[in-house]
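Please find the structures below.
Look for chain A in each of the two complexes below; its partner is chain B in the first and chain C in the second.
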Partner chain A sequence: MRHHLILRVITKILVGPIILYGLYVQFHGDFSPGGGFQAGVIIAVAFTLYGIVFGLRAVYAVLPPWVVHRLMALGLLIYAGVGILNMLSGYEFLNYGAFAPNHPSHGQHLGILWVETGVGITVTGVMIAVFYAFAGRPPRMGDDDW
Partner chain B sequence: MAETIINVVLFSMLVLTALALVRMERLFTIVMLAGVFSLLAAMLFVTLDAVDVAFTEAAVGAGVSTVLYLGTIALTARGCKPSVRPSTVPLLVCIITGAVLIWGTLDMPNFGDAEAPAEVHVAQYYLTESVKEIDVPNVVTSILASYRGFDTLGEVAVIFAAGVGVLLIISRMPGQGRRKDKEDS
Partner chain C sequence: MAGGTEAVAHQALEMTDHLPVLQVLIPFIAAPLAVFLGVRSLAWPIACAGAIASLVCSVVLMLATLDGSFISYHLGGWAPPYGIEYRVDAANAFVLLLISATAVVVMPFTKASVDAEIPKKDHTLFYACFMLCITGLLGVVVTGDAFNVFVFLEISSLSAYVLVSQGSHRDRRALTVAYDYLLMGTIGATFFVIGIGFLYMATGTLNMADIADRIAGQGDNRTIQAAFAFILVGMGLKVAIYPLHLWLPGAYNYAPSAVTVLLAATATKAAIYVVLRFTFSVFQPEFTFDTNVLYWIIIPFALLAMFAASLIAVFQTNFKRMLAYSSIAQIGYMLLGIGFFNLSGLTATMVHLFNHSITKAALFMAVGALVLRSGSTFYDRIRGMGKSMPLTSAVVVIGGLSLIGIPGTAGFVSKWMLVQAAFELGWWWMALLIVASSLLAVIYVWRVLEVLYLGDTAEGAQHKEAPMMMAGPMWVAALACIWFGFDTSLTLEASRVAANGLLSGNAGMAPVPTTAAGGGH
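Here is the complex of A and B:
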């Protein structure tokens, strides 16, 4: 889509705010609708949009596939790691009270923050990886065939 | 009253979109209409006060899956082959399945019923105690990430597994694609 000037300019303007909004949804999920699942998709959308308009090579330069593949696993490991950390301090698996034994709700806040971060990272990774997988194959149709 | 009108309008638009989807043959328009369908569903979720679900439906259903469908079209073909076989048997199967599903809903509690199983079990406890125990204003988040944290871990694992599956099936890993090209030529 190299020839679409308007799309390129609009994309450049939009990508930043989309990622910012994704981070807002991620970290404001305790107070308003949203959380890791939605934020992950929104952040992935920013990269997908960039990839569609500027081509895969440009988006690979920002976020290479090997990073995306590791992000997929990293989020799940963070989530499970929180649970194991709780067990190491003598609580049940995923009992966030372990983070602040004297103030249970603070522990819950910390636990939810980390768990949601893990969810967001995995969802972002999977969405971008799936997009890369689809877009990475040579298409059978040219731009004008649509 | 206003809510009834909104629901009726949204549901009839949903049905009309579904009917239009069935009759289309150009895949590009079908994909776009599928996005419209998702947005309508998201609006219905908003009228049900399920904003978190609406959010997900709009982002995944109307956003990401539309892009993935377009990617699939780019890899395959842009029209579908007209079917040559008679469609009476599939139609019968659809009608019977639909009738069974509607029959199944007869046993379900009425909309907004305070005695519904979903309301009398743990929901009351979550709604009253989560402010004290978790101290997070969004109850959906506290249920999802704390009370039901283990379920959500499973959900994330499912998403991870699905992503790995897609990668294994259609992704071209570095090196692998080139080897295959050589075999082709």
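Here is the complex of A and C:
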């Protein structure tokens, strides 16, 4: 894609705003349509676009595959960790009321914010991992591989 | 509880109140933790610790529910039917115990066989998938929410597809069988969720106990009958009821040894549990009885499985594939117990669930050891291994006897219960059929023993006993086959309580402010 100057310039301009929009969808999910799933996909789009235009090697330099694996796991751990925190303070698993015992609805806000953060991180990781898996696939299998 | 602005008095829960969710949560966390730490040498210890902790949970739950009561846990503090409820009674505590105990026993075996069969770079992800599969199976069993069953079913199935495909490092055909398994499994799951959709349409709720309450008055509703049909066929695919079994032999055959052990010992058992739960707790026993599905569908297919699959097993030339067909035949016995529709029959199903699980775990672990030493499971490649691998081959003998149902092994207990159930109904010819199909098992087991002990020694195999990491777990399972053949107090007692609970139908909604202490019958 080296000779596609327009694509490269537009991509460079777009990557930042895409991620920013992803974060908006993520943290505005409380009040409008959105949340971790949508935000995760949008943020992953930024990396996918970058990878398509500049090549896998360039996007690996930004986000190596091992980091992507960690992201997938980290999101899950945040989600489960929120539930475990609730359990430790004597409430049911994922009963966010535990975060603000005197004001359960505030606790619910805080809890859903963290849980959605976890979802967003995992979805970002999974979507990028899917892109990496397809783009980084070795050439077709030869007959002697069977 | 949520949403109020005033302070709500809250009674703090003890850690023991959380057991139903910890049961699922601990193995679940082990998976991302292993990936997040990313240290290859830590993956197995983490998986192991998760499995052991989950076994502890299930033992405590089993002891708490043996008196016929149930425990209800409200996720997120949202009371059912709006929130997701985990509900543990004797029936699912028994299956939970079975799954988590199997997981613990196969762990050392898994280490040895994975080291040999899977490239090092995939180990972390392999153990993560392994734990996710166990999580899914435990979740399917523990939950009291119909849609949640589907979610956990998908967690276990998706990770199982990946695990089966890992056999491709040994044989490329694992990829195609994993794909087959994926297609069939997805069709099964789709049918299941369509059934749940119909139920939701007819009742407006997803909580199993609540569905049962609302179905009760609707007798002839076509929607509910369609739901029942879809759920039965969908789960039939997962259980591998005889004509829906096509994914099973390939998947068991080409999967890595450790995965075959896990799937054979637990996956179909969890699916059978779901069939039981839906036919008896969600759709009431009277409904199931009225539709005649047990007599005209379950029993004929069970008999077909017992004979056709056993006959196919007789003609196999591959040990692992033979055991896969034998699994399909043994599933027939479990279905037969359901079809009898009496207490002894259901007890036989529950106890065979357990006994067949330990038997097949022992046998498939023996297969794994043979694969390690000979590289293949074809009869001509494992000829004469009985002399060089006495420990492994002795396990094959014990497991084989238990498959046939020789007195003194676990297999005998469940077949005895089954025959007894047949006699209670006055179906003496059915008892004869059970014995006749066991004779087929004698033939296919004998063929393996002949190959192992009487054949001349195969060339190209490493003639050395299996390592302790494999022989140990194998013998634990084999000794369990013998132990539960003599001491039936745990298995039969738990099965009887479970069967009683299932046959008495819906236990009703849980009282609202529920903790583990506040369940009840």
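Keep this in mind: the second predicted complex is superposed on the first by the 137 of 146 C-alpha atoms of A that agree within 3 Å, B and C clash if a C-alpha of one lies under 4 Å from a C-alpha of the other, contacts with A are read in each partner's own complex, and residues count from 1 in each chain.
Following the convention adopted for this analysis, a contact is a pair of C-beta atoms (placed from the backbone, for glycine too) under 8 Å apart; a residue touches a chain by one contact, two chains touch by 3 or more.
No experiment lies behind these values; they were computed from the predicted model shown.
Touch criterion met: A:R70 reaches chain C, while chain B stays clear of it.
Of the two partner chains, both chain B and chain C are touched by A:G83.
After overlaying the two complexes on the shared chain, residue contacts for A:I42 are found with chain B alone; chain C is out of touch. In the superposition on chain A, A:N102 makes contact with chain C only, while chain B stays out of contact range.
Once the two complexes are laid over each other on the shared chain, residue contacts for A:Q26 go to neither chain B nor chain C.
In the superposition on chain A, A:T11 makes contact with neither chain B nor chain C. Of the two partner chains, neither chain B nor chain C is touched by A:T117. In the superposition on chain A, contact of A:Y91 is made with chain C only, not with chain B. Overlaid on A, the two complexes show chain B and chain C touching the same residues of chain A, namely 69, 72-73, 76, 80, 83, 93-94, 96, 104-105, 108, 145-146.
Residues 1-5, 7-8, 10, 12-13, 15, 18, 21, 25, 28-29, 31-36, 38, 73-77, 125, 128, 172 of chain C are the ones touching chain A in the complex. Those residues of chain A that touch chain B in the complex are listed here as 25, 29-35, 37-38, 41-42, 44-45, 48, 52, 69, 72-73, 75-76, 79-80, 83, 93-94, 96, 104-105, 108-109, 111-112, 115-116, 118-119, 122-123, 125-127, 129-137, 139-141, 145-146.
On chain B, the positions that touch chain A within their shared complex are 28, 51-52, 54-56, 59-60, 63-64, 67-68, 71-78, 132-138, 140-142, 144-146, 149-150, 152-153, 156-157, 159-160, 162-164, 166-167, 170-172. Taken in their complex, chain A has these residues touching chain C: 66, 69-70, 72-74, 76-77, 80, 83-84, 87, 89-97, 101-105, 108, 145-146.
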